[in-house]
Each structure stands twice: as C-alpha cells, then as structure tokens.
Amino acid sequence: MIDFSRQFGRRRFLQGAAGAGLAAASGGFAGSAQAAQATELRILFPGGTWKDWVDQTFVTPFAEKHKIKPVWKTGLGYEPLVIAQRSRPQWDIAHLNQNTSSQQGALNAVVEWKEERIPNLKGIHPSFRYQFLAGKCHTPYGLAVNTKRIKKPITSWFDLWDPEFAGKVAFPDWIWVGEEVFHAINILSGGDAENVDPGVAKMKELFQKNKAQVINNVEHTKQMLVAEEVWICPYFGARTDQARDAGAPVEFVMPKEGGLSWIWNTAIIAGRPKESIELSEAFVNDTLDAQKQIAFARLTGYPPTSIEAMKNLPPELKKLEMSQEDLDGIGKLARRFDYMAQFAYRDRNRERWNKEVLGK
Amino acid sequence: MAAAADRRFGIGLLTPIGLLYLFFLILPIGFFLSMGFFKYDVFGLYKPELTGENFARLVVDPYYLDIVALTLKLAGLTTLFSLLLGYPLAFFLTRTRSAWRGALMFLVVAPLTTGVIVRTYGWIVLMGAEGIVNKTLIAAGLIARPLQILHTETAVVIALVHILMPYMVFPLISSLAGQDPNLERAASTLGASRARCFLEVTLPLSRPGILMGSVLVFTLSAGSVVIPQLIGGKDVQMMGQSIYELVLHTLNWPLGSAMASLLVLLQFSIIFVYFRSNRRVRR
Amino acid sequence: MIARETILSLEGITKRYGDAGVVGPVDLTIGKGEFLTLLGPSGCGKTTTLQIIAGLLEPTDGRVSLSGRDITDAPPPQRDMGLVFQNYALFPHKTIFDNVAFGLRMRKVARTEIVDRVTEMLRIVGLPDIERRLPDQLSGGQRQRVALARALVIRPTILLLDEPLSNLDAMLRKRMRHEIRELQQRLGITTIFVTHDQDEAFEMSDRVALLDRGRIAQIGTPEELYDAPTTRFVAEFIGDANLIDAEVVSADGRGLVRLRIAGGSEMLARTSALDLGPGQGALLMIRPERIELADAAAPGTLPARVRQRVFSGERITLELDTSGGPITCTKPSLPQYRQLDPGMQVWLQPGDCRALRAS
C-alpha cells in the first residue's frame, strides 16, 4: 500500500526555508551570464484594472526614473510558471500574496525581503510583513452578514455554526481562499499547522450539520449574497461594500477572534541576474513608500500598510483608517499562521478537506 | 517525379499544423504523462524517481474512483440529453424556411457569447432556493419548502447541456444539410411514410454528425471545470476540477498529471471509437 | 398509332413559384404502355411536371388522375410510381440488395418473395452478383441500372425517369437508351421520360411533348414533330431548319399554301395553320436534307450561290446565299457535291416545305 499519511519533520521544512534564503543570496551568480545591465523589469501580473492602477502609481514612474522598460505578462495561473522556471527564471517579479509568496519561498523560487536591501520595509506595520513579501495594501477579511435576515448580533467566526443559519451559510472554496480560512478556524479550534484534526472536525460540522454551501470567487459570492442564497459567509470588507451597492442587504463584521487580511505585492523572483534583483528590490521599495501608498489607496479603496501612510491619510480617505485594535486584530490570527508547515502539508490537507469535510 | 513533388508539397502544407500539434498537443501531453510517473515531493514538486503510486492512488482510492465515475456519468448524460434535444432542433433548422430560423440559430449560439459569470448568475437566480423556479412552485402551492436544484448533478447536466448545445447542433446541421434531398424523395416514392423515411434514410445518414457532436460534447463536458464548480457546489466533483486544484493550487503535479493523463486517455478512447465507427459507415 | 387506354391525365396543371415564374397550364394524357418523353431546354418545366406526377410537388392548380382516380392530393407512397433520379439517389448506407428491396419492404412483401423478386430484377437489368456491394463501389452505368431495378421491382403503374442518362458518358448513354427502351417494351410499362436531349427523346419515345417556358409547345410522334412543327420554337429545337420570311400568295384552306420570298421566288408549302390567307406574313421552313440541287434554272427553283462547303466525312454541309437569305443544305458526301466551291451558282429545289405562322 501507499503511505498516504507521510509526515514531514519540522526540521525538514525549516531546511526548505533556509534554502530559500540561500538561493536569494546566490541569485546574482545563477543568472549572471544573462545580462550585465538590467534594462527591463519583467512582471508577471493577473491583469485588469488592478494592473492599470499598479502601473499608473508605481511602474511607470519607476520606469521613467530608472530609464528601464517594463515588460508585462498578464493572465492567471503563473505560479506554476515561476516554479517551472526555477533553474532559468525569465521574469523578475510576480504578483502574489502572503500565502503564495510563502509557497514560492519554500520552493526557493522567490527572494526573502530584508530591511537592509529594502529600507522602506521598516515603515510597514508588522501585521503586513512576511518573510517573502510585504503588502503595498491589504484587504481586510471577516464576515459578510445579511442584516435583513439576521437580526441577532454577529461577533465571531463561530456564528457560522449557528443552527438558525443552516443552509444559508457559505464557506470559500479550498482553492480560492478556503485553505487559509480553514487554517484560521483550525487554529481557533485548538489545532496547529501539523495537527489539523480540530479544524477538520469543526468544518465537517459546518458542512454536514449546518449545510454550508461553497462560494468559489469574489463574483460568485457577490451573486449568492445578492440573490440571498447566502446570508452569512467569510468575505472581504471592500467586496462586502460592493455587494451592498449591488443590492445585497449586507454588512461587514470583523470577528472578535481577529480578522484575516490578504496582503498583495510583487514578490521578487530568485535566480535572476544580480542587477535584475537589485532593480526589483528598488521597485518594491517604491511600493512601500508612504506617499505612493496613499495615492494607490485613493485609486483602489484599499487601506495602505505603511504606518506613516496610515497616519497621514487625507480627509477623503479617513474611512480607510484602522484603529490600533483592528490592526492588531488582523495581525492576531495571521501571526499564528505557519505558512511553511501549511505548505508542506498542503496535499494531505487538501485530501482531508475533500474527503472528510466535503465528502458525503 | 510529379508524385514526389506532390508529396513534398503535401508535407509543406502539413508542416505548420504538424508543428502546432507537436508543440501544443503531443509534447505537453507527453510531459503530463511522464510527470504522472514521478514521485510527489513537497518542496521539489516532483522527484524524478519512477513510480506507479499516482495512478494506483487514482484506481485504488474510492474517493478518486468516484470522481472518475461521476465524470463519466455526467459527461454521458450531458451527451445523451444534448443529442435528444439537439437533434430535433438541428432537424428543424435544416428544413425550415421560416423567419424563426435566424432567431433560433442565434439562441443556439447565444450561450457561447455570454460570459461564464453572467450565465452562472442566471442559473443561481433561476435554480436557487430563493430562485424563480422554487418561488413559482411555492406560490402555486405545489411544494412547501424549496427544492434543492442548484448544487445537484441535475443542475450541472442542465447547465452543461445548455452551454455545449452548439457543439452538438452544428455537426448535426452539417450532416443533415449535406444530405441529398432526393434520397428522401426516392424513399417516399418507394412507399415509405415520413416516419419511415426518417428512420431508414435521414437518421442513419446523419450518423457522422451524431458521432461528431457526441464526441465533442462528451470530451468538453468531461473536461469542464467552471460549471461543475459553480453550479455543482461541493457535492459534484469532476476530474477537471481536481486537475485544476492539484496542478494550480495544491501543486501536486504528479497526481494532477496522472489524473490529467487518465482524462486524456478517456477522451482519446472516445475519439478513437468515433473514428472506428465512422470508418465503418464510409466503407 | 395504336389507340391506347388512358392511364394518366393532367388537366390544367399549374405550378406558380411566387414571382419567379409559372409552369403550366399543362394538359396531357398518357396511354397504357406508352413511352412518353417530356422534352425541352432547362427551365422549361419538365422536371416540375414530373415531380407533380410523382407527388413530390403540389400543383397550385389543376388535377392529376390515375386510371380515372383523382390523385392530386395523394402523397407519393400512395401513387405507386417508380421514379429514377438524375443522380440515381441510391441510399449510400444500404447494400445494392437493400436498395432494391426497399420498396418491397415498405410494402411488407414476404422476405422470401423479396429475395426472389430482387434477384430476378437485378438479373433483368444485367447486374447479378452485386447484392452485397454498396452504391459507391459501382460504376455510373451500374448505379443507373440499380436505380432502374429499384424503381421497377415494385411493379409500378408508371415508371418516371428524370434525365437518367445525363450523368453517363456518351458511349454508355447510347447503349442505355436501347436497353431502357427494350426493357420498357418487354415489361410493357407505361413510362414518362424527362430529357433535354432530342436524340434520346426521338430514339426512345412513342410520343414526345416538347415544352417551352412552362407549356407544351407541341405533342406528337417524333415524326410529327420533325415533319410538321407548328411553331418556330419547335422547328428550331427539333433538328436543323432553314426559316425564311415569306408572304402568303394564295391558300386552298385545306393546308396547302403558296408563299413568296424576297426576290420574288414562289414556293408551295403544307401548313397546319389553316387560317393563313393571302397577304399575310409567314415563315417558310425547309429541312436542310430535303433540298435538291440542280445546275440549271427550272420552274420552282431558287437561285443560290455557294458561300462555304464543310466536309465532315459522311456528310457535306453547304452554306448558300439566296435572295431570301442564307440557307443551309446537307448532302451525302458524294463526288458531285465535293466539287461545289465557294462562289459557284446552283439552283435549289426544296422539298416538303412547311409554312409556319410568322412569330
């Protein structure tokens, strides 16, 4: 028989993490034959309005200042491309979040961010700093609640388990953000990255007793909220506002256990020529600049991550300001995540999710 | 001399498409197949050590077997219903001179022109617990509590039949429109009623269209990802979703490749059956 | 001509195609055992008429009766007619046996009888031992015979043939003409044949109906059509004809008229237009092979000058200029005609002249 329950020693993925740092340090040698002088910044990006905003705020001004040419490749699903090109990377930076950047870091595919090389990192709130990425903005994540149907106060992630909402609760799909939210529930239920039994048991209850539905993406969730097929589900704060604008009677709640937040930025791909890595580091340093972040927040409606930017938000953006309590709340759960271990056990967790949580 | 020149010319004509197939079909599939025989590795994604464990896992583990079985079942049902609904439609479209022809043609193609987002929202509004169908049935007093329509296999088949209908109807139209109208006339002068004309002449001669449409609908529905995911919810797991999950999210490439190889194998065997039976018709 | 019992009659059959045109009214009767050809250029309405007879097209107006029974509204399966299509319309997915057996199966004939009758019919059309093959494994001529067998095996009241020979090469076409005529005679089956080829029509038919723009221009035996055309269209479509403008000098009211052509020459001609009277315009028709040549003037002769001589082996064609206009004359390829060179003077003595109404 095949051993499905392969266990990974703690030491094992710590080695993986160390290896990533090593790869970053040796990045200059790996590809030094390719170019003596970086003339291009090669960017992997999903696309859409998000790309226009990033281009307008960060990329174009950077390109003009450094007299280089930005080269974009847009479209989803480039994470495997970065992995596949590890021996001969063709791209400098890739748009990732804390989870995907940690995965790529575990695979030695992206470079660790260090304060001595990226000075603006010092000014970023600790809730939004990770080993391989720091956010240029963040997307607070909690519960979207239909206040027309639900009259009792909602305060906790565990309100999803309230039998009154049976059939009307939803949980994000594993491959969307479900994996991360699952780990949050697991941690809150007493588990950790290596022991997901409490989370699996809890989630099984949500799906089987409380008949949870699966929401697959931002748009799908919005549709389910507008059609009132779903009354309460984990969702992004800004997206909850958009669903309300689209006619859903919903409010956003930051759970008392702490919310979640996805931080987004361009991770630096390892193994590129030294000059390219330096250029990429200079670029991400710009994305952490307070003034630029304020300009970006004005375009996107997402709050900045720089402490100085948060303090100096202009009056029209005051609504994006978060209290110290909220910021700590966001960090509270996120800081307990062990992204490396979560990554190491990803295949086992996926299978347990599909078989035990979703299975009939 | 001339034959050799002809052959060279022929090879010249086929070179671009041959290269296209080589680089975008044969090599990726070969890559997939070989990856399926490698060992899964947490950080390296795969280890170049040959193993049969990925394929064994698919065949031994009832969880994966169920996914394969459900994929075949839903693809089969989708093909069957597309044919049963598409044939009369194609028949009507080839025979009618009515002004409705254009409008109907448009309705057949329409699903392809709307985005998946808009279409899915339509299904939610129609089939959801708070949806039009349930509200109507409750208002009519036929049911007391909403029926579970969305997030069932039935809903997935309905949505797949809807979106894949053009792939069934157009091959049927081309095989029906290509028939010599004199054949039916001949049959009727020889004493065949309209029903017999259809069963003896029209239907057997549209077999290439039936086969082609069925192969297209079967392979496309077996490989579909978005519709089972959005319409089927958590209880409908098809191979396309699993492959997507394994390759792009979980990054278990060996298992994802094994599953993809299995899917391609299933699709190729259907196409193979198609060519076999089609050759028999021609001979 | 033998008097025949009428089997099929068309009365005032008309088919309107919107603004695109109209076929008919056509009136026609066919006798039992008769071979009738609908002849005409493309677009004259001959296939339309045949399809109305077969029941594949509904007439806008008129009546079709079969043995006295009105079948205007009867669908094809109730008409008991065997139809052979121009492209044969063999069922490509059925074997030759199944093709021929099709009509018998539809008539629920017993299996053993089907085998006997199909085998017999394939033998009659000269194609034994091909029952197991598919249509596209046969040559054009073989397919033609299978189509014939398939139509005949049901023992139809009437056999309908829609240009069945036009897809065959010239040699085969000639042979098939005789085979079909011989088969028709042997089986004594009433046959309606559609063609645009005058030779086919004449060699095979008892009677020919020549159609022009949706109507029957003239119907009769091949000899009647050739010898006594009633209109310019018939005269020109059937064979070659010299047509010369003329004026009626006198008429006896019983079909004999005297005509004068430009230059003053006068000629006697027969006519079916009994109302032609002195002073009226008319057309003088002379068949090219009915002209005698003389080397001196005589009463009733017409002076002419040779413009061209064309030698084609068995025949010599002379192009002549006369006061009435150019005239063509054909002669056997004999020495006395071979020496007629351009520019030479001859005298024409036309025989069997016909007078047609000027059109």
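A few notes on this one:
In this document, chain identifiers A, B and C correspond to the written order of the chains, with residue numbering beginning at 1 in each.
Here is the rule we use: a contact is a pair of C-beta atoms (placed from the backbone, for glycine too) under 8 Å apart; a residue touches a chain by one contact, two chains touch by 3 or more.
Keep in mind that what you see is a predicted model, and the values were worked out from it rather than measured.
Taken as a contact graph, with one node per protein chain and an edge wherever two chains touch, the assembly forms an open path, each chain linked only to its neighbours along a line. Here the chain pair with the top count of touching C-beta pairs is A-B.
Rounded to whole angstrom, the centroid-to-centroid distance between chain A and chain C, based on C-alpha atoms, equals 88 Å. Taking the mean of the C-alpha atoms as each chain's centre, chain B and chain C sit 57 Å apart. Distance from the chain A centre to the chain B centre is 35 Å, each centre being the mean of its Cα atoms. Residue positions of chain B touching 2 or more other chains: there are none. Across the assembly, chain A contributes no residue that touches 2 or more other chains.
Within the complex formed with chain C, the residues of chain B that make contact are 180, 182-183, 185-193, 196, 200-201, 204-205, 207, 281, 283. Only residues 2, 4, 8, 12-13, 16, 19, 77, 79-80, 83, 103, 106-108, 167, 173-175, 179, 207, 212-214, 216, 219-220, 223-224, 227-229, 343-344, 346-347, 350-351, 354-355, 358-360 of chain A touch chain B when the two sit together in their complex. Chain B contributes residues 40, 42-45, 53, 56-57, 60, 63, 117, 120-121, 124-125, 128-131, 150-151, 229-230, 233-235, 237, 244-253, 255 to its touches with chain A in the complex. Residues 54-56, 75-77, 79, 81-83, 85, 87, 89, 91-93, 102-103, 106-107, 134, 150-151, 154, 160 of chain C are the ones touching chain B in the complex.
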